[in-house]
Amino acid sequence: MLFKVFPRNELETLYDVLAGHHLVGPQARGKDQADQEIFAFDYIHSFAELRLDFTSTVHSLKRFLLPPREILSSFNLDNSGWEKHIDLGIYKPHVFFGLHPCDINALNKLDKVLTGPVYPDPFYTGKRKNMFIVGVNCSPQPWCFCKSMGTDTVLSGFDMFLTDMGDKYFVEIQSATAYDILMKLPIAQPTEGDHRRFVELMDERNSKFTCQVDNSDLTKILDLEFQSPVWKEWGKKCMSCGTCASVCPTCYCYGVKEYVDLDLTTATKQRQLYSCNLIDFAMVSGGHNFRPDSSSRLKYRYYHKHRGFQEAYEEALCVGCGRCGQACLSGITVPDVIDSVRRQEVPK
Amino acid sequence: MNKLDFVDVLPAQQSSTRKSDLTSFEYSYKAEITNVYGLTDTEKLYQIRIINSDQRHQFTFKPGQFVMLELPGIGEGPFSISSSPTRHGDLELCIRAVGNLTNFLGRVPRGTLVGITGPFGTSFPVEEMENSDLLLIAGGLGIVPLRAPLFSILENRSRYKQIDIIYGARNPSELLFTYQYQMWRQFDINLKIIVDQADATWQGPVGLITEILKERIEAAGNDLSRNTYAIVCGPPVMFHFVCDMLINAQLPMQKIFVSLERRMHCGRGKCCRCNIGATYTCLSGPVFDYWSVLNMKEAI
Amino acid sequence: MQKTKTYLGVEIKRPRTAFFELSSCEGCQLQILNKEASLLNFLDLLDIVNFREAMSNGSNDYEIAFVEGSVTRADEEERLLKIRRQAKTLVALGSCACFGGVNQLKNRFHDLEWVKKEVYGDHSIETQEVRPLSDFIAVDLSIYGCPIKKEEVEEIVTNLVLGKSIDHPRYPVCMECTANGNICLFNLGEPCLGPITRAGCDAWCPNNRMGCWGCRGPADEANLSQLQEIMDSHGIPRQAMLDRLECFGGFTSAIKKMDE
């Protein structure tokens, strides 16, 4: 990997170079009840809107890659039959400016399922291959447990990665395009002092993580405690509303449904991102439901993320961003659930 | 200012994602419903032929695999192929009218075009089963996924030893493929049929499938440990009883194969709707050996 | 005469359709007539033979009846029974027909005589406790919402005409609200029934920063007791939650169950 530094006030130049494209980044969205700023990923139209100092966003950037609803194919029908049309929906490269390590790691995890060798999904792959990612280091929040998930740092899946060092930015460069773009800025080779300052900053950041999850032997524990009563307790709290999956940067489950237009000559096949917590997730035609109660659905969610994915890819389908716990009205958080399964006790 | 180059993923040389895989994701074969036979009040046998003759001949599948059948605007669903693999893209699907797609399918006339994708999923290892006794056990609709391996086996009958089909249904009117029983028997197959409730015409045994299985196991001296394979298809309650009996008769669990059914929305290991525990039924299944089933929480 | 339509070779008939209203604001029927861009296609699917708000000279020979409003008088009960006898498919249109709607707020007052006096003074009228259609007759299909959402009606009517089953979302509004990228209204200090209300409205109110009032009634297995805890933890008084739950009548039986 190549490293460079550039003066802090040149960030706007970098923005200007990239701003000719669709540019998505963190921006402020007002304040919540506790007077904390709320952030969201959205299209950025001026440098002032871009808030690289954001804490974390309520929603992940998933909707830019896996929209809540997406048309997979459309049909024209007439008396002689039908024609199917497929539009992958990739038109313009997008720049994502200001992704934290967890969010880039989330994309890397999604890639394993959606761009892998087994039936790669062209809708996702197309958007993913047309992304330019500028990562940025974060300051750990009280709900972040990425360190436990091994996703607090990111090694691949981005073009360049910025760390704020006060008077300058430290850049890790991962792609030739990123290097070409940085050539427009007065970049310099980092000095010995810069190296030390970078390491110091990383140490400082590391010391700020407070939230943890004990993942040791988790796949076995989840199997052992499959019938555990703690799942029932969590099930009582769960609203089966799907918010956790909606805000999750790694949830990709979906449902497919077909629609006929009013004139009966056109139709579409659409996918809707779904959540395994929704009541009819495992319902089959005829009405049988393989997971009729909220506890079995919530359990399945943990099973998929922390056991099944682990088994398939040797990593969990969770980046520890804590969004699900923050968004859950019932306060169901990953650290609490995993801890309770270990200790066989649900916190009141 | 340099513009980011737009990457057209389809022609792009991707090491991990081949062009053909990406373009085929939503591609479906156009196929025509050539014939429909009513089997019972709710089940029909659809003969479906892939229209393009090259595609039809190149369409190969293994017994136990399934296809996704799509009616534009109505829906898409997984159906196990119940015709012989040697028939290629001349498919037979036995479909019960239970939902949106299957009910509408029952209304469309012969000649209607449907979309077919696949084949998907795992299959019954019929070659591995050669030179052995076979126990084919089906309850209710379970006879449907069993029919494709049965065809394969019949076409190579001499390669197998004793073959028993044990088939149970709720009542005689729900028995499927009645017109083929005579043919099966001509292939030296020991076909035993049992129903839960007899009607006026029924002369065969009445009761549960396990009763027939018990007789068969006793005839084998309560020992199936050598040279026997079993295929079990049917409702979840049946799996428990039947597989337990087979294991008690010392049939190794890696020689017991089952076909599980879940609702699939994609068939391609993406949507997660068919997951059991965290196993994709569409990729790792629908055919599993019993050892894998025991290892999946919430499987049966 | 129009030539018959087909879909995938299946003949699609235009069903003779009638629209009726009982006690209601007739806003749902007005919604039917909205959305001009697709109105002609919509009308092309149905052979509308009776629609007081849109046409004169209604016929009483119909297969599908859309009934808006709730039953508040004895003569409405009679009319409803008559419609039921004629219609092959009876559709409850909107929250009033499905649950009693805003009208049923009257039922909160146990002394109906006092209510009459308060509202109508000396001009007394005949009125009874407000009840949804399903209290009197079998309803084949419900279209939820106050008012109904035209996009949803279009989809439902298309499916009805095609003979496809009508599958309402079983999950709550949160799913659609989060899909729209909204910030949860609880975080902004406003109560919301989104977590327990049936989706299908595309989170119409929360999209506009207004908490859900539950006009579409409960989602499948709505978790009311947990919502109560959530309201408590956000310092929202029980009465504020009850006001919302009672507003459209969809939660009447759920409230009873919660109180037990």
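Lettered A, B and C in written order, each chain numbered from 1.
As a convention for this text, contacts are C-beta pairs under 8 Å (C-beta built on N, C-alpha and C of every residue); 3 or more make two chains touch, one makes a residue touch a chain.
No experiment lies behind these values; they were computed from the predicted model shown.
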- Message: Please classify the inter-chain touch graph. Allowed labels: line, ring, star, complete, other.
- Response: complete
- Message: Tell me which has more C-beta contacts between its two chains, B-C or A-B.
- Response: A-B
- Message: Averaging over Cα atoms per chain, report the distance between chain A and chain B in Å.
- Response: 37
- Task: Provide the C-alpha centroid distance between chain B and chain C, rounded to the nearest whole angstrom.
- Result: 43
- Message: At least two partner chains per residue is the criterion; list those residues in chain A.
- Response: 77, 82, 259-260
- Among all residues of chain C, those touching at least two other chains are 7-8, 162, 164
- Message: For chain B, give me the residues that contact two or more of the other chains.
- Response: 71-74, 99-100, 113
- Could you please specify the touching residues of chain B with respect to chain A in the complex? 1-7, 9-10, 12, 14, 16-17, 21-23, 25-28, 30, 70-77, 98-102, 113, 115, 261-263, 265-266, 268-273, 275-279, 283, 297-298
- Of all residues in chain C, those that touch chain A in their complex: 5-8, 12, 38, 41-42, 44-45, 154-155, 158-159, 162, 164, 170-172, 174-175, 178-181, 183-184, 186-189, 194-196, 219-221, 223, 226-227, 229-230, 233
- Query: Can you list the residues on chain B that touch chain C in the complex?
  - Reply: 71-74, 99-100, 103-104, 107-109, 111-113
- So in the complex, which bits of chain A are touching chain B? 17, 20-21, 72-73, 75, 77, 81-82, 84, 86, 88, 90, 92-93, 95, 113-123, 125-126, 129-130, 132, 177, 180-181, 184, 223, 226, 252-260, 267-269, 271, 274, 276, 281-286, 290-291, 296, 300, 303-304, 307-309, 311-312
- Query: In the complex formed with chain B, which residues of chain C make contact?
  - Reply: 7-10, 162-165, 167
